[in-house]
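Naming follows writing order (A, B and C), and every chain is counted from residue 1.
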């Protein structure tokens, strides 16, 4: 695991990000003033559904639907201003420098294309490469994500793969052009408990090996704190608290404390898990 | 593999049952018809004993079930009876009239599929834009206009007022019976005979009826394409494709559209089946000598053998195309392969 | 989220534990919440409030509230509202035909045949010198009456067949669906033509013929809905309390099929109008002296090249009615059946 102190120049800089979705019933404020930065490190973003964590991740890649209203004081990847970048620049950024692993390979892989051709496509979108060369590279990638029978998986359609296998294909595809940042949006939530840790170890291993940054989005606080260097806790579109994963037990914010309180424990006898009490003050906009 | 064959066998097995059902319906209609089939054969001035003999000859003195059995064996041996109006066998008539319908329908479906898919994809990728609204209104108009009104307007404008296109019919009088029928498709036959003036004449005659049929099919195909595309464009794998940094052309055509193609094939095939079944109204307005017109004229002349025979053939076409669509569906979708 | 949160993770526990007590929807943030004033100044806002309350006091209040919200959603679609308005105006016109007609639709005025629109004959006269405007008004009664009759025959029949097939399953399902397939295999207009020819051309046989060809899609739809409803817990609950099959189908299954059925009927209206008019045009629907729209076009067709307006007027009427139903159906589908979008 990389040491948080090795953090260099921030790769990602987000300052005061706002995302709103107009709908028939009014404007929904999904993200309300989020700021953070990511260096060559693993940042965990934790929050319940609807807290704006996925929207934040997608705003970084400008993958939100056209109706989304995005504004920020700064939204930068390296030296690229994401809000001002042309569609062309964004395309080379997406996949090329930022990879995105989605939740459920059952839906996130194209059902009518073989796994191999989907990986080769990612490769060829970012590097000049012949068909044969791309095929060989795809097979290598499949091997590197610990697939025992790369040839079979290469020619398989997504529905012929198990969830864990599909997620490995997804990871291979996103690692293909060698990005600098990997955004993993609930990468294990749709998988069986038995393969969850395998997939997470795989992500961790690949990220370390390639010296990439990782943004792990999850609802699972202990899991995130185990795999990440730093943790940002989101609630109702705002970051409640940001702290090193090792210092999680020193969390001061009521929401984070509330979440930690309701963890079951094996070492300590507890009659009944307390429920989270939501303080309306948490909803007030931060400075 | 086994499951795939099983599903296919089940589909194939349902065909004879559907056809049997078709036969029951046509038989039933044929029996309740108030016209006496005997009189149609012998004429209404025949003496009573001739009528009685004809009745026995036709098997009409037998119980219904026996009559139905006879009807069924006749159909199975390809005997659809003789048309009173043309005094040919119904099969001969159908063979004569079907190519015209086939030519019309094929021309129309090609135009409709190409334009309909294009418009549907355009509307879906620009959802909410003026282009989307325009396609929507265009499709609604296609669903709401009566064919015969549009046909009449088209004749009035393009034939009577502007004189750009020929009037009703399949070819000009000058070219009548000048082209050796090989396939029965006038455009193809003329081209095969190297008779280019006749070819152009046939194409010009085809434009109005085929264009009008294409418009109605197009409205439906565009609407379905748009709906399918919108659903696909919202799916997760499209997000994945965008996250890979692919161009929007590639995302739209190679990812989203490739997935809509599977249900779209069924839509196009069924539309085609509808056209082949004879566009009764269009053929009537444009005096197009196809199956639809044959059916209507036979109906108006109470020529029940012709009506029932043609209806049965038309139902058969639908069933076969349905099966073909099903087959293609299975071939194209890896999940059912 | 499709997959539930990992069991045992704190977030999952927190979310489920508090959901019942204090649900915070993502949009319940101060800006969006803008609490409504507790009491409106006039009676209208108060009625609106009564309808839009989150805590209805009675079953009927909840039901009316739901209807009001559907109406609000419907009103946001301008095209659908236009469709509804056109239909209402048309209904009014044909109901008031005796008042609005300027002439008797049957009176012939042979000296004034095929006249162009004028102050005396607003839409001109037909080939027998009859007033086209008056004939259109009375003709609407026949055309739209046929459509209503077809729907009244078809919707209950399709609903019944579909619900029984879906609910009973097994051999009944297969038998009924096979029959449906047979009817679907015929082109609609041709089957209708054959039926009309077998009976006697006229309004009644046209209605029966269209009805016979129009019911299969309804049966398919009702069956598909029933198949999903049949497996729900509330149907199981009803069965456990001892409800009879008939009661379950009538009280629990059929009402749930209604929204999609209503949408389907509205969208189908235009195709029924077109089929009815098409039969009339081919001379197999309403017979000539009757001013049915399709029949009117059929007789005026001979004069299309010179007196084109005579055929065009009923054509416009058919188009307007059919387009209005299509617009309305489109809007209704958005409101009642969002999953089909």
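By definition in this document, a contact is a pair of C-beta atoms (placed from the backbone, for glycine too) under 8 Å apart; a residue touches a chain by one contact, two chains touch by 3 or more.
Everything quoted here is computed from the prediction, not taken from an experiment.
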* To do: State the chain with the largest centre-to-centre distance from chain C, centres being mean CA positions.
  => A
* To do: By the contact definition above, name the pair with the higher C-beta contact count: A-B or B-C.
  => B-C
* To do: Find the most central chain, measuring centrality by the gap between its CA centroid and the centroid of all protein CA atoms shown.
  => C
* Report the inter-chain centroid distance for chain A and chain C in whole angstrom, where each centroid is the mean of the CA atoms. => 47
* Asked: At what distance in angstrom does the C-alpha mean of chain B lie from that of chain A?
  -> 52
* Asked: Any idea how many Å lie between the Cα centroids of chain B and chain C?
  -> 27
* Could you list which residues of chain A touch at least two other chains? => 103-104, 107
* Hey, what residues on chain C touch two or more of the other chains? -> none
* To do: In the complex, go through chain C and note every residue touching chain B.
  => 178-179, 181-183, 185-187, 189-191, 193-195, 197-200, 270-271, 274, 277-278, 281-284, 294, 297, 301, 304-305, 308, 311-312, 315, 318-319, 322-323, 325-327, 330, 341
* Quick one: which bits of chain A touch chain B in the complex? Just the residue numbers, please. => 61, 63, 91-96, 98-100, 102-104, 107-113, 121-122, 125-126, 157, 159, 170, 173-174, 177
* Structure fact -> Seen from chain B, its contact residues with chain A in the complex are 235-237, 239-247, 255, 258-259, 262, 332-335
* chain C touches which residues of chain B in the complex? -> 14, 17-18, 21-22, 24-26, 29-30, 32-34, 140-141, 143-149, 152-153, 155-156, 160, 227, 230, 274, 277-278, 280-281, 284, 292, 295-296, 299-300, 302, 304, 307-308, 311, 314-315, 318-319, 322
